[in-house]
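Here's the structure, in structure tokens; my notes come after.
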């Protein structure tokens, strides 16, 4: 049964139309990965769902309730109550982590539950401690983000998002800003989330092998449209669409994909 | 009602001329001082640098009004008699020049060190580097802060009324004692200063328009009004 | 307060003995007025800065015009305006308060710009993370954004405090007995202007340097990422 549904959604940044009559469904508990070239609209889909970007046309349904949220300009287009309700069901892990640098790891995780979910401080802290243990950072409780490595910060960010008990968790290129050797620790956390919980997960990433391992479905984006989608094995072994093929080839084996080399001056006609 | 306000404006107009005169003279000398002192401090010329450091420290660390009073009341005790107009312009120029020198120094310093290195690698002389490489890049940076400083100068000119220069503020005070209409008199006065300030803003935008050709995206008139993007 | 003005000007020492206590009293008034004005400027400035971020043009436009008008017109006239006009409408305040209020309002236009720049400098990702966690607007401002904006604004706000200190002599025009007024009165009575004025300037210099130092210390002790919250 679908938990997320985009119906005919259109989104422009000024004159640039990124999504045009976009339709998309995600089922409860599904792990979906969006892949594709930059600018193809995949991050935009995530950001619209997280109410970080308004959209101009269409309808978005979350958990059975549909919201007409044109957003657009001005505060009256989207009723704040609707926005708050969506946000209470959706969480996001950002590429740049976006931890609050002036708060300890614990405080980062506790802030939302205390001020929004109105949890009692002691309970929120014990929950936070559990989450930090889950992501393997129990000893970093009192550390500030500036004292943590990128991988550690991102793991705290994941714990922070989980603390709000979202039904849907979005990952916007969670490892793209990390040093290569730190990527693994974050992927491990995401992997265990994927296996152990029936959280609905929507991810944008360039980590293809990882995507193949944990996803139920892969969607290939190009120019604001899903040109191909399906279970990972099918997509990676036998991509149907030419664009998918060339993209996967370029991403999985950059050297072989080739490209123009420096031309010598004489050979130009 | 309007007629009274226009009468006020008329009465103030003598003062407007005085204000503009004081402003222009102070600005001119102030700019000269700014560049001179700014360059000296940037280049760190040995003895002059210390003198300039003291000068800037004193004039930026004390009030303009104290400086004006000191020049007007104290100098005569040392035998130097000076007209109030000269005292006012001198005080304003020295005060303004001190702040301006920081702008010059800051702009010169902001041109990246790599420009110096490139010029050295190409074997340019120091003077040449300063004139053709550094200054042209520093000048556009100076325009907005100098614009703000000029508006500050305009507001500061009001203080010379305290040493008996018949500027706008002086005339306004006289007008008030005559008419007892504080509200009307001061309202008109504020508007007069505001219009003058807007004129300065427009002038600065024009200067910027001509000095920064690469920012020239719009025509002359829009530059005057000022679009939000620049 | 300036009761006994029988200053013994026979020698410099005796003069100083009478003068220094008087000037120090004036200095107290100066500092008090500056503090009051500063607090007003900070609070009002923060309010203005936050209001200007609202997406309602009805709010932002009048504020923008008000800020520009106050910023580009002389404090002296604004001071006179408040001092002479307010009593007409039944608001009678001691000159000290009126003076501090005028300074506070004028400088709030500067502090609001500083706060605005500070808030804008907080990375967009912080706003987005707060949104993703569904934090309320007041929580986002109060706990996330403003604590991170504070270290960035300290230097500029410190400069403004020093600026306000230097602006206080202007209150002498509405008979507030701050330092310059005291010095001038002494000068009027004894015909010796140099010593009082120089001393006043010196005291001003010392005070501004002191506060500048405190600001520098604060800058260094505050963590760069923001006010740490437990």
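A, B and C are the chain letters, set down in written order, and residue numbers restart from 1 in every chain.
In this section, a residue touches a chain if its C-beta (ideal position, glycine included) is under 8 Å from a C-beta of that chain, and two chains touch if they have at least 3 such contacts.
Bear in mind the structure is a predicted one, so any value in this text is a computation, not a measurement.
Innermost chain of the displayed assembly, by C-alpha centre distance to the whole-protein C-alpha centre, is C. Centroid distances from chain B, each centroid being the mean of CA atoms, peak for A. Chain C has its Cα centroid 22 Å from the Cα centroid of chain B.
Our note on geometry: chain A versus chain C, Cα centroid distance of 47 Å, whole angstroms. Rounded to whole angstrom, the centroid-to-centroid distance between chain A and chain B, based on C-alpha atoms, equals 53 Å. Across the interface of their complex, chain C is touched by residues 50-52, 74-75, 84, 87-88, 90-92, 94, 96-104, 107, 111-112, 115-116, 144-146, 157, 160-161, 164 of chain A. By the touch rule above, chain C contacts chain A in their complex via residues 55-56, 123, 125-126, 128-129, 131-136, 139, 143-144, 147-148, 223, 225-230. Residue ranges on chain C touching chain B, taken from their complex, read 69, 71-78, 80-81, 84-85, 88, 166-170, 172-173, 180, 183-184, 187, 192-194, 197-198, 200-201, 204-205, 208-209. Interface residues of chain B, counted against chain C in their complex, comprise 57-58, 61-67, 69-70, 73-74, 77-78, 151, 154-159, 161-162, 169, 172-173, 176, 182-183, 186-187, 189-190, 193-194, 197-198, 201.
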